[in-house]
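Letters A, B, C and D name the chains as they come in the text, with residue numbers starting at 1 for each one.
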Amino acid sequence: MSSAVTHRPATTAARQLCEAVYEANIALVRAGLAMDTFGNSSGVLRAANLVAIKPSGVPYDKLRPDNMVLVTLEGKIVEGKLRPSTDLPTHLALYRAFPTIGGVAHTHSHYATVFAQAGREIPCFGTTHADYFYGSVPVTDPLVASMIQSEYELNTGREIARRFEVLNPQAMPAVLVRGHAPFCWGASPAKAAHHAWMLEESARLAFHTLQLNPAARPIAKELLDKHFLRKHGAGRYYGQP
Amino acid sequence: MSSAVTHRPATTAARQLCEAVYEANIALVRAGLAMDTFGNSSGVLRAANLVAIKPSGVPYDKLRPDNMVLVTLEGKIVEGKLRPSTDLPTHLALYRAFPTIGGVAHTHSHYATVFAQAGREIPCFGTTHADYFYGSVPVTDPLVASMIQSEYELNTGREIARRFEVLNPQAMPAVLVRGHAPFCWGASPAKAAHHAWMLEESARLAFHTLQLNPAARPIAKELLDKHFLRKHGAGRYYGQP
Amino acid sequence: MSSAVTHRPATTAARQLCEAVYEANIALVRAGLAMDTFGNSSGVLRAANLVAIKPSGVPYDKLRPDNMVLVTLEGKIVEGKLRPSTDLPTHLALYRAFPTIGGVAHTHSHYATVFAQAGREIPCFGTTHADYFYGSVPVTDPLVASMIQSEYELNTGREIARRFEVLNPQAMPAVLVRGHAPFCWGASPAKAAHHAWMLEESARLAFHTLQLNPAARPIAKELLDKHFLRKHGAGRYYGQP
Amino acid sequence: MSSAVTHRPATTAARQLCEAVYEANIALVRAGLAMDTFGNSSGVLRAANLVAIKPSGVPYDKLRPDNMVLVTLEGKIVEGKLRPSTDLPTHLALYRAFPTIGGVAHTHSHYATVFAQAGREIPCFGTTHADYFYGSVPVTDPLVASMIQSEYELNTGREIARRFEVLNPQAMPAVLVRGHAPFCWGASPAKAAHHAWMLEESARLAFHTLQLNPAARPIAKELLDKHFLRKHGAGRYYGQP
């Protein structure tokens, strides 16, 4: 990637955002969640109305902090010489729908994508899942033809937001887009990427659990509460203070 | 591999072809698509009536640009001290049947080979697949005994060509040879090798999708169109201009 | 991990215990049995009433011998500036119930966790399993709600101990906690970690054996005896004297 | 492994045999076919009545050419300070039963062991398999109790030999020992190890083929003949002259 496509963000905050988003994109690759040009991470700086996102169709080994694309929350390009990811409108819809999140990670990680392709939510069969996702990971409904043909990427985000009208995006930081793949989010780009990793591990466990026991049942509500809340609840006692 | 089996192509164009074909062969190994002596890549220079291909039965760690074998499109050896891949007649049949392609890649990559052995085409269950293959990846019919006993490798190519009488090789750059393994192609040796990689990823996704949901249905035509065409169609907007 | 959270154990024996427990934790990572902050190893020095264990929620790349936490067998912190693993009460219950063991290893290794999530014990389908585990690896019963809501980690250990009232922990150095994951043990932290590895291999073999042949039967008692006893029995002849 | 357990073979031929057997053992590890202390390779020098084999229970990272154990074809230790592999009597039975072979490789490689545990032979579903194994890879019958309790390892070899009364060990250089794992052989220790690798690849392909299509049928006899014989038959044309 020549200097022709890099740029130097105008502010320190923008530079830090680009670096964090670059690191989150690379974290996806290191965890084996992204290959080829699939997947993309972004981050938002709400005070500055800035979103940084991976450029479209650029292989991961060509990424650098300086070729992340900076746009507004409305999608207007602020800085950067490359086209943003085609999935940008989905990311922006998520930032608008979920005011508390700071980063979004989209991958085609294998087992999460398998559940998305099979059109099945991921049940919580164990405590690995319960440590990060408070219940079944939902799957979106199919988009109708007109929603695919026009504003497809934006409609994907809208459909996720619609699915979360009855869900808490902080307790469930992931979704499966039917026939496509997962989107994850978190308080920062790094946390979003981390959720993408934990989602893949949970999906892989659930996949093989269902192969071994097609009648497997989700864990009891009390066990789900215990694990999710000892880590994320008000009285949490997992980890260091 | 001693110098006894290397050669120096007579022209710059031939040298470049050998290098591109060497790189494509090595790309198969790096992506985990080829092991032992299985698999082979080739490339064509139609203006010069030259095809370069991997030598037969040579392990990948012994390959070098200078031991690729150069033949005509009719299969006559032009340069090289080694026997060409036994699959050469299949490659040549593909170059003759598909005038727009510049490279062919054959692998025994795991999940694509599993579909070939099971005699099942690979349905398009998601957008990963739709980004590269415009519909189900086809599988050839079994060869009759006489087609196996005589001119087996040529008949394999003929059978692929016959299967593609009703298909567009640019929209579907891959096929499964029943009981054997996949062949892929593209505008260049590198693109053919890249399709071999994407085929394996699509096959692995489809395999596990069917394990999770044996009644899984291919994605809607509109979604297939959207993903394939936003990347390969006239109005494509994926990637950089 | 800054020096702020490390400490220097007061005695040579305590230092050696911390080093052995650190090595056992790292062995889990090297064998692919532990990721993120899941899993933990501990070791006991019964004469000194000392248990060393991984600190809670610390990623494996931040571990050092000097940030292991030292506690008594009753769970009182002796040395260390970090919180011990939340699973400490489970480890302590195992040390109390099984007087001959010197180390405990807990992982979320993939296939062992799959059996735990599916609520199935791991049958002994072959000699790989029989070389280390003398029969089916048991799975605990579900905890009732009150046992989850109060003293959950301690009750997990109690439930394991209850399950082993009819089993010999030296002949069966592993258990699956239903809906959670495996716990393993051994004469030392290193042996416990080694059993965690062998358990995962046995679980992976059993998983695929059941996929290939859902009616697969455990090996004959005579073959189980032969393999387990030629390695662990009084007349053992496997390995070096 | 200290010098206390190494030795220097008395003859050049014995040294070369130990080196070849050492290399074959390490090749099993490199190909991911052997872990822990499972598996062992040996080689024979019939003119000198010498067999070299891996020592028992020694981890692969402690192996060196100088700690291979040298025995006669009758099992008498000639040189070496370590106990030979407990599977030695099986290897010796194979050398006696199959006069043309020069090496034996035993692994617990995953998918081959899965077929052994499931008690199923590995059908020839494709040309990858047909390139190395001329038909279904057989599985032995269970040993009766008395054959397990006395001379177990020798009886394992006898049972393999009995199974091959109707098979050609050169066209079928592998067997699955029911409830245990595969044994492979070849003209040299290196060829035996190579067959162990190809067996695992064939087993993995067959496993997933059966998962995808439980009614999958072996390839036609003509295709099996074509692939096996173009590589191993009198008129072979695969590879270099």
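One rule holds for everything that comes next: a residue touches a chain if its C-beta (ideal position, glycine included) is under 8 Å from a C-beta of that chain, and two chains touch if they have at least 3 such contacts.
Fair warning: this is a prediction, and the values are worked out from it, not measured in the lab.
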Starting from the defined contact criterion, work out which chains touch chain C and chain D both, please. none
Name the chain whose C-alpha centroid is farthest from the C-alpha centroid of chain D. A
Chain A and chain D: spacing of chain centres that average the CA atoms, whole Å: 47
Chain A and chain B, separation of their C-alpha mean positions in angstrom: 33
Specify, in ascending order, the residues of chain B that touch 2 or more different other chains. 211
Indicate which of the five shapes (line, ring, star, complete, other) describes how the chains touch one another. ring
In the complex, the residues of chain A that touch chain C are 125-128, 131, 197-198, 201, 204-206, 208-209, 211-213, 216, 219-220, 222-223, 226, 230, 237-241
Where on chain B is chain D touching in the complex? 5, 35-38, 55-58, 82-83, 86, 108, 110-111, 113-120, 142-143, 145, 148-149, 152, 179-181, 207, 210-211
